[in-house]
Structures are given as structure tokens and as C-alpha cells.
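Two complexes follow with subunit A in common, the first pairing it with subunit B and the second with subunit C.
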Partner chain A sequence: MKYAGKKVITMIITLFAVTLFVFLAFHFISGDPATSMLGTEATPERVEALREEMGLNDPVLLQYGRWALNFLKGDMGISYSYRMSVSEMVADKIPVTVTLTILAFLMMVVIAIPLGIYTAKHVGGVIDRIIYMINQVIMAFPPFFAGILITLVFGRILKLFTPGGYVSYQKDFFGFVGYLIFPAFAIALPKAAMAVKLLRSSVISESKLDYVRTAYSRGNSTKAVLYKHVLKNALIPVITFLGMALADMIAGSIIIEQVFSIPGLGRILLTSISNRDYPVVMAVIVCISLLVLVVNMVVDIIYGLVDPRISIE
Partner chain B sequence: MIRNGKKNYNLIVGSIITGFILLLILVGTFYTPYDPDAMDAASKFAGVSLKHPMGCDNFGRDIFSRVLEGSRTTFIVAAGTVFIGTFFGIIMGALTGYYGGIVDEILMRFNDAMFAFPSILLALLFISLFGSGKYQVILALGIAFIPSFARIVRSEFIKCKNMDYVKNAKLQGASNIRIMFVHILPNTVTVLLSAIMIGFNNAVLAEAGMSFLGIGVQPPDASLGRMLSEAQTYLFSAPTYAIFPGLIIILMVLGFSLLGDGLKSEE
Partner chain C sequence: MDEKHLLKVTDLNIEFHDHIVPETVVYDFDLTLDEGDIVGLVGESGSGKSMSALAIAGLLSRKDMKKRGEILFEGVDLLTCERSTLRDIQGNDISVIFQEPMTSLNPVKKIGWQVEESLRIHTDMTKEERYQKVIQMLEDVELDNPEQVYNQYPHELSGGMRQRVMIAAAMICAPKILIADEPTTALDVTIQAQIVKLLKRINKEKKTAIIFISHDLSLVKQICERVLVMQGGYIVESGLTEDIFNNPQKEYTKKLIEAIPKVDRNKKG
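Moving on to the complex of A and B:
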């Protein structure tokens, strides 16, 4: 419990550091928000009045505090280009990105774990070698290129889905999930290849340890040794990797959303970057980092549960 | 390349692929069959032929020539990124690992926070501040890559700083700077080299991703990622437009990762 508490506190401190960093970066580099809102033709008096109204003349840290507090209350500011509440713009995009990431994660686990165990069991065999080669190639795939090829093969040739035919989750949830399966596959594929490789090498190096020999000498079958002894330990580094991969997938979905034209967080982030709509950029970056940090924290806690040695340190 | 009578296939295949890609980049620097930017309405979407080995794009530009130019851009961006990341990562990791103390503690906490951040997100943040373009991408990705290198170098320095050869150098009166960069640094090379290989691949994928999103390398610079994003619009009418640039990215990454794996098993 103490360990979990420590992780929660670390996460809160990190979140504080990240938001402060994001806030300061935009504060000092992005120029004057009052000018951006009013346009370049506004009179200096009007700009000054708006600055006063928005509290831009206050000390920086006070401004950060106000922004962070509002953020916690769910008020993320006003978009420069759409003049609407950022929270409203972002709120319905979060479920899209989260669903996409969860789907991709599940796919990665379902593909990687059985395949990794299989290759580890048959090291040096023909199938192991073939999988190794395929793995190496897939790891080199940029996810968006995988997405393009999937569109070409599953969308165009096999006609399993309509490219660009995104269905909103509010309208038809199953249609929504059905469409997301293909982008999720594109995200999952390279990560699954890495996980297979990691699991294989982890099982192999674990099998060389003394306790495995002892387990054999006590008359255990190969199967029992693998499933009851080796896998328990071999999965530990894989769990760390899966956690990191999940965090990566959240960010990776930014690109895949573009390939499959899915209106998620990535989409809105990119439009706001090109519109220089800083409140939206900040809000989306903070939302994505929050997701990433929560994932990291949960993985750390699970890690402590799986491997009690960690939480004692 | 042969040890214990077993051939190191990773190293051999990796060297061949990387050599091939480097050759393409080298040739592309001095010679391209066509001007990569020359448009020719007559050969719009021309298929694969002897005249145009990879066909032509929507403006009738020769894809092969553009791939040559684009892979050079991608390579330069990736190399620049890794250079910035390694250079500052070494300085930061060496100082914090060697001296330790409160500065190390604070910098490493900050580093952990950055490390928890996916690098593409960090790069997007910098791009939205600096604007887009080739040099901005190098800078943005370079900064995003510093933490991972700093982390690796720091842990190596912590491991080495109490070893006998360092104590020996200290007794001989070597300065701290000399110990750090002349004595310890060369001993981190093997670890650093594999980190560079992995970092290079991540940089290639990140650059391609950012240019694909239209916020990386800007026209007229050709980049493999940009070509793919343009090709996506014409995916069904001209699939080869997307396939060749994608293939080159894959080969570039594959070559380096095989090379890295091969070098690791040579040790």
C-alpha cells in the first residue's frame, strides 16, 4: 500500500511539473493571447483592456495557478479560432482516442503473448525462424504505413470496411468499434512484434537459471516448468514493456487517426497546431499527458504486485 | 562476422541493407535521373517502367528521384536528431552521474518526467512553438531525445565512477573533466552505440510520422513521410506511389536494427 501511495504522489508531482512546463513554454514563446484573439488590427487600448480582463498582467505563477485550477474544474479556456469552450471541443474526442488505444492494446496482448510463448518453446525451429524474420520486418514498419497498407488490403481489395467511413460512437457504438478495429490493428502490429521478441528472449534467458534446472530435477514436465515457473518470471519485463507500449499507443494514435480520418484528440491537436490555437493545443497535450501518466502509474502499481521485490526496495 | 562457426546473419544482412540505403543516399546527393521537382503533365501517374523505375506521382514527378532526395532528407534529420540527443545527453548524463548530489536529483526527476512523455508528443509541442520545417524538426526531436540518452549515460557513469581504473586515474592527478571524458566515456561506447542505433530508428520513424502529418519537413524539401501523406490521397489510383517510399523507410529502419542486433551478439 505504501508503495502504491508513493506512486500516486510521484504521478501528481510529475503532472505538476509537466503542466508547469507546458504552461511556461506557451506563455513565453507563443506571443500575446490578447493580440491573437483580437487580431493585429485591434487598437492598443483594446488589447490592454483585454489583457487586464484576462489577467495577463498578473505574475506568471499566479496565472499558472489560475489556469491549473480552472483546468481541474473542467474549464480549459476559450479556443482562439472557434470562440467556443475548449472543454466542449475536447470532451467528446477523449472517448474516441481512449477506445482506439484500448482496442489496440488488447490486440497487441492477444497477438503477442501466445506467439511469444510459442516461439520460446520452439527456439531454433523453422516456424520460430520465420516468425523472427517477419517480426524484424514488422518492427521496422512505421504505424501509419501499416495503416495505409491495411486500408489498401482490407478496405480496397477485401472490402471489409469503408475507408473514411467513420461512425460516431454516439450514433452506433458497434459500427464505431467495427471501424476502429482496423486502425487499432495498425497501431498494435509493430508493438506486438516487439513484445513477441522480448517475451521470447526473456523466456530463453530465464530458462538458463538454476531454479529451472532444480524444477526439472524434481520431476516436473517441460510444460509444468514453463507455465508454473519460467513464465511467472519471464513475464515481468514484458509487463513493463506493455505499459510503455500503452503509453506510446496513446501518442501513436495521433498519427493513425489522421490515416483513417478519425475525429479524436490527435485530429483536433493537429488542426489547432496549424491554426496556432494555443489554448486547444495546451488542453489536448495536457489531456494526453494525463492519460499517459495515469497509465504509467497503474503499470508501476501492477508491477509492484506482480513482483514483490520491487515494492520492498 | 563468423564466430564459433556460426554466421552472424543479423550483422551480414543488416550491413547489406544499410550499405544499400547509404549508397542510394550518396548517389542521390550527386545524381538523380530526373529533377525531383520537375513536373510533367504527360507522365502523370505513369506506372513502373524502365524510364520511371518507381512510376510518377500526381504532378508527373519521377518517384524514384524524389525517393532519393527524400531518403537523404530523412537521413539528415535522423542523424541531426541523434547528434543533438547524444551530445547533450552525454554532457548531462556525465555530469549528473559523476557528481551526483542535489542537482542530479532534480535533473533526473525532470528527466523522468520527460521520459514518461512520448517523444512524438514532446516534438509536437516544440513544433507548435517553433513552427515547422526541416531544422525545427531536428531541434524538436533532438530535444525530445536528450532524456533517454542522458539516462543511459548517467547509469553507465554511476557504474564506472567507483571502478579501480578511475581511482587510479584520480591518484595520478587527472582532473575530473579528464576522468569523465577521457577515461570513463570510452568505456560506455558499446552501450552508447546500441542506444544510438535504436535512437536513429526512432528518429526516422518520428520524422516520417511528423512529415506525414504535414508538420515536419515542408515543401519544396522532399521527405519520405511527406510523400506518403501525398500518396494517401491517390492510394487507390496509384498504390505504388505509397508503397515505394514506405518500403525505403522500412529498409532504413530494418537495416539499422539488424545491424544493432548483430553488433550486440558480436560482443
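Moving on to the complex of A and C:
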């Protein structure tokens, strides 16, 4: 319980720091919400009047305080450019990004764990070497490039999905998930390649430790040693990586959503940044940071469960 | 006559080729062992004593190893028999305890699980029977609160306790041969004495034959009836412990004996 309390306090402090930073950053970059709302043709007087009305002439910390206070009250404000409630806009997008990330994460795990184990078991074999080479190439792919390549191969050539043919989850959930499979694959691929490499080397180095020799001395078969002794130990560093990868995927989905025209958090984040629509930007940032923080907490808990040497107290 | 021996190692030669330069580790190694024997294997590190022991325990990688000779355990050659036959013997008839009790136990598994592992592999005992047996075994190696230890993890125990756990795990199937590879080297002196006493008791009560490997001759003197002295992969001297200590033939053996720190009682009252 004490642990949970501590974690929640850390999370609140982190959220505070993140939002303050983003707010300040926005203040210092060029561009003005009033101008982008009114257009470049507007007279300076009108812009100035609107700035005054929006409270943009107040000191930046006062503006931040006002935003934070409203946020705590559950009011995320009105979008400057869409003139609609931010909470509504964002709530609508969260399921999209979350589904995309979960799909990508599952794919990464499903690809990486069996392949990592297989390559570790057959070190130096032909398949190990082939996978190693493919891995090196895939790791060097930026996700957007993987996205483009997947669109080309699976969308245009094999016609397994319609590029740009996004289906809303409110309309057809399965169609929605079906469309997300390939974008998720683009996100998962480079991370899976890294995870394979990590798990492979982790299994190999664990296999050289003394307790493995002990396990053999009791009459365990190679398979039993691997699955009953080595694997749990070898997974410990991999769990850390998977946690980091998941956090990274949430943030990384921004680009993939752009490539595959998926209306998720990432897309409205990008449009609102260019429109200087900060109520929306702030709300999306809060969502993304919250997701990342929750993921980190879950990883910590899993870590404690797998490795008895780490107590979560 | 020969077939009557529990273990008979003849002309064992082991070479490894996993590096560019072949590392030859053991030459012309011979050893016979009968029920209740305690034989010491001594020598400096790199003398081939551990390698010979690992060969007897079947723990050397067959792939990278070039070998000659035979290791007959009750008539079965452990160097050439089927792997499944070897596995049936490992942990059941021949057990090993290692030098580092810190790292020889799996850090993420409970003590109870590790101690009963050989039972799970080699017997059809039920969970409850295994539990009872483990508790009894932990008591037998003089651990307090066996029920508590059962549910602990290795990092929660001291070095001496861990080595007792290792012994309990090795003895759980009542093996005929126990190979103790420098079992006390990583422990402090008082714990060393306790572990040696425990091994002696096990040998006496259960008639388990013990191969005791050490570079510490004073320990070997305390526990072993027979000694093999190894140097550079060869057995340079062997015989009854008493004879070797009183009348060492080889320079090397003399040096090893001289290296034992002596307590001179006359000097300082």
C-alpha cells in the first residue's frame, strides 16, 4: 500500500513536470494561436484583442496555473481550431492509439520470444545466422520506413488491406482491428528485432552460469534446463526492454498514425501543434505521459514478481 | 573382481578443442571407488582435478571433447553411454556439490523447488511425499527452520546455509557417489569445519562414496582415506593419506604439504 502511494505521488510530480515543460516550450516557440485562428490576413488590432480575450498576454506561469487548475477540475478547455470540447476530442482518439499500441506490443512479444529462444538454442546454425542478418537490417529501419514498405508490399502489391481505408471502431470493431494490424506490425518490427537479439544473448550468457551446471548435474535434459531454469532468469533484462519498448511505442505511434492515416492521438497532436492549439496539445501530452507512467509501474510490478531479489517495497 | 567396483576410471584422457590451441586437461587418469570410500583429489588450480571430477559427473560437453579411456559406473561407461542413461544416473546415483554456493543455486527459484528437483526427475513421488522428504533432508544437513528455508530464495541465505542446501539437494536421492568440488573454498573457516564434519557424517551413515576435491591439504587430511595428487593433468602420486603425508615421494607433494599453515603451540604458549 505504501508502495502504491509512493508511486502515485511520483506520477503526479512527473505529470506536473512534463506539462509545465510542454507549456513553457510552447510559449517560447514562434507562432501564435490567435494568428492561426484568425488567419494571416487579420488586422493586428483584432489579433491583439483575441490574445487579450484568450488570456495569452498574461504571464506564462499564470497561464499554466489557470490551465492546471481547470484540468484538475476536469475541464480541459475548448480547442482553438475546432471549437469543440477537448475532452471529447481526445476521449474519442484514446482507444485508437491504445489498440494500436497493444496490437504492436503483442506482435513484438509473439515474434520476439520464440525467435529469441530458437536462435539461442541453435547458436551458429544456418537459421540463427539468417535471422541475425535480417535482424540487423530491420533494426536499422525507422518505423515510418517500415510503414511505407508495409503499405507497398501488403497494401499495394499483395492487396491484403486498403491503404487509407481506416474503419472507425464505433462502426466496425473487427474491421478497425483488421486495419490496424499492418500499422501495428510496422511499429512492432524494429522493436521485435531488438528483443530477439537481447533475449538470444541473455539466454546464451545465462546458460554459462554455475546454476545451469547444477541443473544438469541433477539429470535435467537440455530442454528442461532451458525452460525450467534459464528462461526465467534470461527474461529479466528482456522485461525491462519490453517495458521501455512499450512506452516508446505509445510515443512512436504518432508517426505511424500519420503514415497510415489513422485518426489517433498522434495525428491530432501533430495537427494541433501546427495550429498552436495548445489545449489539445496539453491534453494529448497528459494522456501519452499517463499511459507511459502506468506502463512503467506495471513493468516494475512484473519485475518484482519475476525476480525475488527485487522487492517492490 | 573389477566389475565389483562401484566406479572404475581407467586411462582417462581428456582434451578440449573449443579454442584454437587444444587444451589438454587430463592424462592417464585412473581411479577406483567403492561404497563408503572417501578419496581426495588435490592439486593446484589447472591441475586437472576438477576436470576429472566433471568428467565422472558427466558434465563435460561431449561435442567439444576428445577423450580416451573409460569411466565405468556399475559397468556402464559414462563417456559413451546414451545421454538418457547418463541422465538417469546424474542426480540419482552420482551427485555433485560445487565450489560456489552463491552462484550454484538458481537465483529465481525457491530452495524447496531446487532441493526436490532430483526427486521430481528420478522418482514418482507425490508432491506431499517430496515435501516431507525435503524437510527431512534439510533437517539432516542441520539447517534450522527447514519449513521456512523451503520457501526462501538463495539470496536470503548465508553462504554456509546455501552449501548445506546444495548438499541436501545432492543427497536427496541417496546417491552412491557424491562429488564435492572444492565445497568449502568459498566459505570461512568455521563454516568449512562444519561442512567437512557434515560430509564425514553423511559418508558414515549413508555409506555414500565421496570424491573430495580440494587444494587445501589440511582438509583432505581430515576427511580422506586415500589421496590422488595431480599436477599438470597427471596423477603424480596416490595412496593412503597417512603414507603420503608422512612420506611424500614427489617434490610437488612435499611443497603442497609444506604449504599447509602450521600452528606452533610452543612458541606463544
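To be clear about the criterion, the second predicted complex is superposed on the first by the 244 of 313 C-alpha atoms of A that agree within 3 Å, B and C clash if a C-alpha of one lies under 4 Å from a C-alpha of the other, contacts with A are read in each partner's own complex, and residues count from 1 in each chain.
Keep in mind that, in the parts below, a contact is a pair of C-beta atoms (placed from the backbone, for glycine too) under 8 Å apart; a residue touches a chain by one contact, two chains touch by 3 or more.
Please read these numbers as outputs of a predicted model, since none were measured by experiment.
On the shared subunit subunit A, the superposed partners subunit B and subunit C are arranged side by side without overlap. In the superposed model, A:I187 lies in contact with neither subunit B nor subunit C. Touch criterion met: A:G219 reaches subunit C, while subunit B stays clear of it. In the overlay built on the shared chain, the residue A:M139 is in contact with subunit B alone; subunit C does not reach it.
Judged by the touch definition given at the top, the superposed model places A:L209 against subunit C, while subunit B stays out of reach. Once the two complexes are laid over each other on the shared chain, residue contacts for A:I254 go to subunit B alone; subunit C is not touched.
Residue contacts after overlaying the shared chain place A:A17 against subunit B, while subunit C stays out of touching range.
Residue contacts after overlaying the shared chain place A:M76 against neither subunit B nor subunit C.
By the touch criterion stated above, A:A104 is placed in contact with neither subunit B nor subunit C. A simple residue count on subunit A separates subunit B from subunit C, and the partner touching more is B.
The least CA distance from subunit B to subunit C in the superposed model is 7 Å. The residues of subunit A shared by its contacts with subunit B and with subunit C come to none at all. Note for the complex: subunit B touches subunit A at residues 109-110, 112-113, 116-118, 120-121, 124-125, 127-130, 201, 205, 208-209, 212-215, 225, 228, 231-232, 235-236, 239, 242, 246, 249-254, 257-258.
Residues of subunit C touching subunit A in their complex: 57, 59, 87-92, 95-96, 98, 100, 103-109, 117-118, 121-122, 153, 155, 166, 169-170.
Those residues of subunit A that touch subunit B in the shared complex are 13-14, 17-18, 21-22, 25-26, 29-30, 136-137, 139-145, 148-149, 151-152, 156, 247-248, 250-252, 254-255, 258-259, 269-270, 272-274, 276, 278, 281, 285, 288-289, 292-293, 296.
Here subunit A touches subunit C in the complex through residues 209-211, 213-221, 224, 229, 232-233, 236, 306-309, going by the rule given at the top.
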